[in-house]
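Look at the two complexes coming up: chain A is in both, with chain B in one and chain C in the other.
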Partner chain A sequence: MLIYSLKRLAAAFLVIFLVLTAIFFVTQLLGDPVTLVLGDTATPTQIAAVRARLGLDQPLLQQYWQFLVNAAQGSFGDSFWQQQPALQIVFSRLPATFLLAGVAMLVMVPIGVLLGVIAAYRQGSWIERLVNVLSIVSSSLVNFWVALMLILVFAVTLRWLPTSGYGEPQHLVLPVATLSLLQIGVLAQITRTSVAEQLQSQFVSAARARGLSPVRVMLRYALRNALIPIFTVAAGMLIGLMTGAVITEVVFGWPGIGRLLLQAIQDGDLPLIQATVFVSASILVVLTLLVDLAYVRLNPRVRIQ
Partner chain B sequence: MKLGRIAIAAALAAMLAVTGCAAGGSNGGGAFDWPEDGEPGGAGNLVIAGPGTELATIEPGEAGSAGHAAPVLRNVIQSLLTRNTETNEIEPLLATEWEAVDDLTWQFTLRDDVTWHDGTPFNAETAAAALTYMWNPEFPYSGNFVTGNATFSAADEYTLEVKLDEPDSLFPARMTIIGLPSPTQIAEAPDTLTSNLIGTGPYKFVSWTPGTDLKLELNTDYFDAKPGMYDTVDWVFREESQVRAQLVQTGEANLAIDTTPEQCAGAESDTATCVEYTTSGFRFIRPDYYNQEVLGDPRIRQAIAYAVDREGITSAFISPSSTVADNPGPVGMVGFSDDVETYAYDEDKAKELVAEAKADGVNTDLPLTVKYRTDFFPGIDDIAQTVVTNLNAVGLNAQVQAMPDAEGLAEYRQGIEPNSIDTITPDRGNIWIATTSNDLLDFFQPGDTLLSCTGRFSVYCNEDFQAEYEAALPLIGDERQEAFADLWKKFYESEVPILPIGYAVNQLVVGSTTQITPRSDGFLPLDEAVGAHPTDQ
Partner chain C sequence: MSAPPSTSAILTAPRTKPTTRRQLATSARRDPLILISLIWLLLIAAAIVLRDVVLPSDYQDAALANRLLPPLSTDADGAFYLFGTDSLGRDYLTQLIAGTTATVLPAVAAIIVGFVLGIAIGSTAGFIGGRVDAGLLRVMEFQVVFPPLLLALLVLTSVGPSVWVLVIVLALGSWVGLARVSRGMALELRELSFVDAARVIGSSRAQIISRHIAPNLLTPLLVLGTLEFAGLLLASAGLDFLGLGVQPPETSWGLLVAKGRESITTAWWLVAIPGLTIFMTTLAVNIVALWLRDNLDLEQKSRILARSHAKRSATFAQEEPVPPQTTNAASAVHASAVPASAILHVDDLWVEFATDRGVAKAVRGVSWGVAPGEVLAVVGESGSGKSVTARAVMNVLERPQSHVRRGAIWYDGVDLIGLDDNRRRKILGNEIALVQQDALAALNPTMTIGAHLVEVIRNHQHGVTKKAARARAIELLTQVGIPDPAGRVDDFPHQFSGGMRQRVLIAMAIANSPKVLIADEPTTALDVTVQAQIVTLLLELRARTGMSIVLITHDLSLVSEAADRVVVMYAGRVMETGAVRDVVDRPAHPYTRQLLASTPDVAAPRGRLTPIPGTPPSAVRLPSGCPFNPRCELAQDICRELRPPEHVVAIGRTSACHFAEEVVGHRD
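Entry: the complex of A and B
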């Protein structure tokens, strides 16, 4: 277990190094940062001064090395937009992203799994068909459309909820509903398939033969053994939400890192783009690492391998 | 992003249908009291939704003039004079009177009842310090209106004297643009100028949380504070224009700026009204033809002018209430030409001109790229697509390219260094869709930025135009009007330096409990905004 964990940790560091390298070279293609910093009235003298201040007058490889050194120290420079350390700005947006992702997961996972279990348990019934249809519909929706329709119905027409915003519990409802509606279908489908497969297995038949209650058979035998694919899909969803639900954040004016990244790209704010991508990638790597370690707990075969 | 736009269109179509069904059931409306007496303020919190693009800075040059910040922040920082956008006359603001003592000297009599929000007394000495700082061509936006040297000094306590190094009949007009930040802040805390705006206006700056909101509070000491004014202002940023309009519909916001005509009209209900108003700006096409084989031929530029269906574009994508523009500024601009010939949409004529140029050896197959900055203004992507379709229909080889705002701005001015356009490469075949305003209401503004050889955004450099333009610059009154009008007519009809499309029409969604009249320069005069209180009935 320790060696496995260390290997995964080393792989995580390698991924972060590769991400940093990619960030550096890709952002070189976005244009001259000096023009972006100085706007449309810069004189050649000013351009030269800023180029020297940002180290852009150095050879590319030297800039790359300096970028890695600075990144290792948690420094991506000041945002052109807000004139503050870029990493600090990204960290200030993380609570909003984590809150949205966390609440969305708390809503979508229980509902998705419950629907999938019911569908698997009542195979061939109208409930299964209904769950199938709902799953396909919800997984086919476009989040932009869902978000605007939810606003139209629940904010504009019924006046039950605010259209957008951040800070009050009611501001969470529509963005969470948008994200959940899109993912619940996928989770339900995966759960249904996986649980149905387990329900056909011999150990489930044996449990039933021993006279165990249907609920106990489902929870203790079928669902428990069906958890691996469900966990994999749910973890993927969590990673997606943690690294920024851009469209949902934009529509609802939610100040998370997805919206921040979009703004940074629109502004050509290179330090902020680099810091946001770095933090997103780091979240992805950490969560993937945790998921891998959780597999070891969930699946004895991984432990043996 | 394309899929996103298709999704938006589908969602909007569905929404318009649903909204139509729901309008009768709105819970808004009712009777209101509009206070006329009593202490200043009392209307509570004003929520303004918009604009689509987040503020880049709140530094005084940007805030005091045009751009995204101006509609609200000009209520914090003020200029010496203001423009009556109904009559186009310059009127007093921080200065009550002004006169030209001689060709190079102007004097302004200042109000004696003004204080900066940080307590600094407003007088000729402090005003001179503020203007000395702001008279800097390198500042964003307001720097565009700075030309030559100016020395500001106090003639007496409330008389500000300005010495110029060359005559400038537009100097009072410039003083309607340039805001006055606190001289104490300039001297003692210059690092805060981009994050803390200290002015003299009816509202004081409280806080700015980038990506979230900007807060203001009423300046109860303001010389023109009135009962019914809002006590606080919360300016919230929402990128999605449909959501901005809906914020007003639901009563969460009082004003939504920068929506499309359809969204504004769709918000009409018991709780919201759509207000459309023509601005001093205009949408235009800038063919970057300096040194370029295809666009460099005047016949091709005329072909573009005939090929682009400006009337259709204006009606469909600017506003049905907008009109086609054939001048680089609004009616009332000094230099507006009444008798300039329009380029009416004529595909056959455009094809003839392209064929004629091709027969003379112009390689009309060379690619042209219609470029624009994403979300620069509502409808810009539709306009760009239509222009491409129009150009290809007459035998040109055009394609479209959308660019992020900052990257687009950088390329819009790429190769145009101050005082030189010689660095533009011969293969550059860009045709830009853009917009500009004319805050000075004078031909000088588009001339100085878009048409002269030294213009900051100009790719036009015609020696004859330049000579006549420079000769007209010192003129004043009718002579100036006539000279600029003749100049524009002559070169627009023969050269098409730029092709105006249509006058910009802005939309403002106004909540039913708010009274405000937007101005053609985009400024939202919050000292004239009044908030209502529901009556007991």
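Entry: the complex of A and C
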């Protein structure tokens, strides 16, 4: 168990290192950051001064090494445009992203799992058909369109909710609804399939033969053993949301890291891009690690080995 | 390479059969959704191919007089705008058609690249194995870990957005899934015989991969690829929307939505229509993917077939003639097969299953009863209906395929079948308990055995605290002979050996001191010494508690050791009943006799082992007359014509054979 955890940890660091390497070399292609910072009107002396300040006069490998060392110390330099440490900017955007991800998961998971469980329990019912339709419809929906249609109906036409913004509970409604509409169907479908499979198993009929109530059999026997695939899908969704739901954040003007990254890329703000990608990748790696450890808790058979 | 025809026939990988094409066509014709999806995709294809023909040369020119006309409106010149006009007064339908190419083609190109890349890498990895495989797996893992959208954003902004970069970025996101699937399948296929055959005749690796492995992957990959294509459509639309995909003056649906967003408050259709088009196209692709999956994937196909047949035959069953209710005379027969004091009494039970080949009558008019403290054995080959009877008693028939067609299950003067579920549950696991055959499968892998025991105790004995139930659980484990019960109560089922698990099941069954314990093949999965221990345990428990045991088994030696009375079943019917000694020594039915002659432990004293010729009949197509007649060594014409009734041959003995008296008298 300890060796397993250590191995996973080592692999996690390797991934972060690889991601850092990828960011460094890909962002080299963005063009000369100095002209981006100073604009076309800068004099050669100004340019040289900035190059020296940013360490850009060094050989590429030297820069790469310096970049890794700085990254290890949590420093990506100042944002070109906002004149403050890039990492600090990214951190200031994290609460918004986490809030959206958390609330969306709290809405999606219970509804999706409940729908799936009912569909599995009542095979051939309208709920099962609804889940089937929902899963194919929601995997065919394009997020920006759903977001804009919700704005069109609930913000522009009915004026019940704000079109965008952050800070009040009502600002959460439309972004959460957008994310939920796109994912609940998938969640319900995976729940339906895996619970239906467990309902066929012998320990379920054995439990029924012991006179246990249908609710208990469903929860402790079928659903409990169907959790692993459901958890995998839900964890994938959470990871996607925590690393920034770019389009949803952009459409609703949500100040999360997804929108920050897009902005940074459009501005050519090198340190900010690097810091954002680094934070996203770290969140992803940490969450993946936690998910793997959670599997062990979900499946007692793994725990022993 | 010129292989002789026979070899090439062996080597030809199984391909799509001609019937598959017909089936695809039929299902498309039957389901309007599939038809509409296919037509929609054809329209999309037409919009791409005929783009230059359809589009007027001035479609990009602004006509400011007609700005933002809503859908279905007419301008001053009488021109009709189905989808209205955009902010430059251009016909929106024309804009949509113009945007089709740039929306769909990048995804098409990307899926082709991803498809080829995925199959190539996946099947290479799977086939070569070893280090190449391990290395490629690492690459795939890293690719999955790296957020695809991040990668797309980075690459697109670094290199500058262009259609080709878009295609590459999309392809990078799509190959991994395809590669994984093809790797897995290549690994499997590598082991198949035709690959071995190819290796024997000296094909090179490249030949093996291209001729034998890749074609076999195509069907599942086609489905996965179609689903991925739908995903790519959405992804490229998203990048277009963010301004990172197709660049103006070229237009795409994603770009149209992005532009429409600026005037969302005044012109809803500019956002709604192109978005809806994206949705409908993706939906059509997804529907087509499911259509392919349901008709190409053999496994899926058979599942669907089974389901539709089950439905059909279930309705069929309603019309089937039901044999008339047993007459008084027949009841009199039952009375002798069923002890007057029976605590559990199965009375003329009929159970049917809907299968893909029709209605299977698994249990046909079975009656037996078990007296208090008695061990009743129900014996028969698999498929004789003995376990189905037990499942019917425990109300765990497979739903929705099977149901009790007729009959009663009397317990304590009440018919369990007529009882509502709530009241029946109070009896099950409490007064009547079941021990199942496969103990590992019968236990919840995510619950400790202590939790299992506490649950069943507290479910039926209200007011017992958790602590008391746990103490009782440990006591039960002691009773069934599990060493160190206090230490093992918190272990999970997989931590026990097969014999110990069976003991756990028995502990659960006796937890609430049942009156009747039904043991369904309790020893089959165990080795011989453990079998004997379990039987001894059951008999001990019977002696101590006075409960009745219904022992369901195919093992005649077990019956002769453990049971007081026996019911022999064949093809869903009772063949003979009687005290164990009588039945074993002087069987009154040829089936019992032949069964005994084929059982080592029981037959051994008599010297020879004779297997029963033939196989039990299918429960869907039963032979006329006596169900055993095709395999019976004594069968006469009457056996093929007339089903022998169950009749009394001696006190406490019945037989369903026309020649029961002769069989009893017969000695060999």
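The working rule: the second predicted complex is superposed on the first by the 302 of 305 C-alpha atoms of A that agree within 3 Å, B and C clash if a C-alpha of one lies under 4 Å from a C-alpha of the other, contacts with A are read in each partner's own complex, and residues count from 1 in each chain.
Convention: a contact is a pair of C-beta atoms (placed from the backbone, for glycine too) under 8 Å apart; a residue touches a chain by one contact, two chains touch by 3 or more.
Everything numeric here is computed off the predicted structure, so don't read it as measured data.
Visitor: Which partner does A:Ile247 reach: the first (chain B), the second (chain C), both, or neither?
Guide: Both partners.
Visitor: Looking at the overlay, what does A:Pro110 touch: chain B (first), chain C (second), both, or neither?
Guide: Neither partner.
Visitor: Using the superposition on chain A described above, determine whether A:Val277 touches chain B (first), chain C (second), both, or neither.
Guide: second
Visitor: May I ask you to decide whether A:Trp81 touches chain B, chain C, both, or neither, giving the answer as first, second, both or neither?
Guide: first
Visitor: Which holds for A:Met149: it touches chain B only (first), chain C only (second), both, or neither?
Guide: Both partners.
Visitor: Of the two partner chains, chain B (first) and chain C (second), which one does A:Val15 touch, if any: first, second, both, or neither?
Guide: second
Visitor: Which of the two partners, first being chain B and second being chain C, lies in contact with A:Thr27: first, second, both, or neither?
Guide: So A:Thr27 only meets chain C here.
Visitor: Identify the partner contact of A:Gln266: answer first if only chain B is touched, second if only chain C is, both if each is, neither if none is.
Guide: both
Visitor: Report for A:Leu212: first if it touches chain B alone, second if chain C alone, otherwise both or neither.
Guide: A:Leu212 contacts chain C only, not chain B.
Visitor: Could you figure out whether chain B or chain C reaches more residues of chain A?
Guide: Counted on chain A, the partner with more touching residues turns out to be C.
Visitor: Going by the contact definition given at the top, which residues of chain A touch chain B in one complex and chain C in the other?
Guide: Comparing the two interfaces on chain A, one with chain B and one with chain C, the shared residues are 30, 142, 144-145, 148-149, 151-152, 156, 247, 250-251, 262, 265-266, 268.
Visitor: Sort out for me which residues of chain C touch chain A in the complex.
Guide: These residues of chain C touch chain A: 142, 145-147, 149-150, 153-155, 157-159, 230-231, 234, 237-238, 241-242, 254, 257-258, 261, 264-265, 268, 271-272, 275-276, 278-279, 282-283, 285-287, 290, 391, 394-396, 398, 400, 424-430, 433-434, 436, 438, 441-447, 455-456, 459-460, 492, 494-495, 508.
Visitor: For the complex, give me every residue of chain A touching chain B.
Guide: That would be residues 30-32, 35-36, 39-44, 46, 81-83, 89, 93, 142, 144-145, 148-149, 151-153, 155-157, 159, 162-166, 247, 250-253, 255, 259-260, 262-263, 265-269 of chain A.
Visitor: Spell out the residues on chain A that touch chain C in their complex, using ranges where they run on.
Guide: For chain A paired with chain C, touching residues are 15, 18-19, 22-23, 26-27, 29-30, 123-124, 136-137, 139-145, 148-149, 151-152, 156, 201-203, 205-213, 216, 220-221, 224-225, 240, 243, 246-247, 250-251, 261-262, 265-266, 268, 273, 277, 280-281, 284-285, 288, 298-301, 304.
Visitor: Quick check: in the complex, which residue numbers of chain B touch chain A?
Guide: Those in contact with chain A are residues 3-4, 7-8, 10-12, 14-15, 18-19, 22, 25, 27, 53-54, 56-57, 137-140, 143, 194-195, 210-212, 236-240, 242-243, 246-247, 249-252, 374-375, 404-407, 409-411, 413, 417-418, 456-457.
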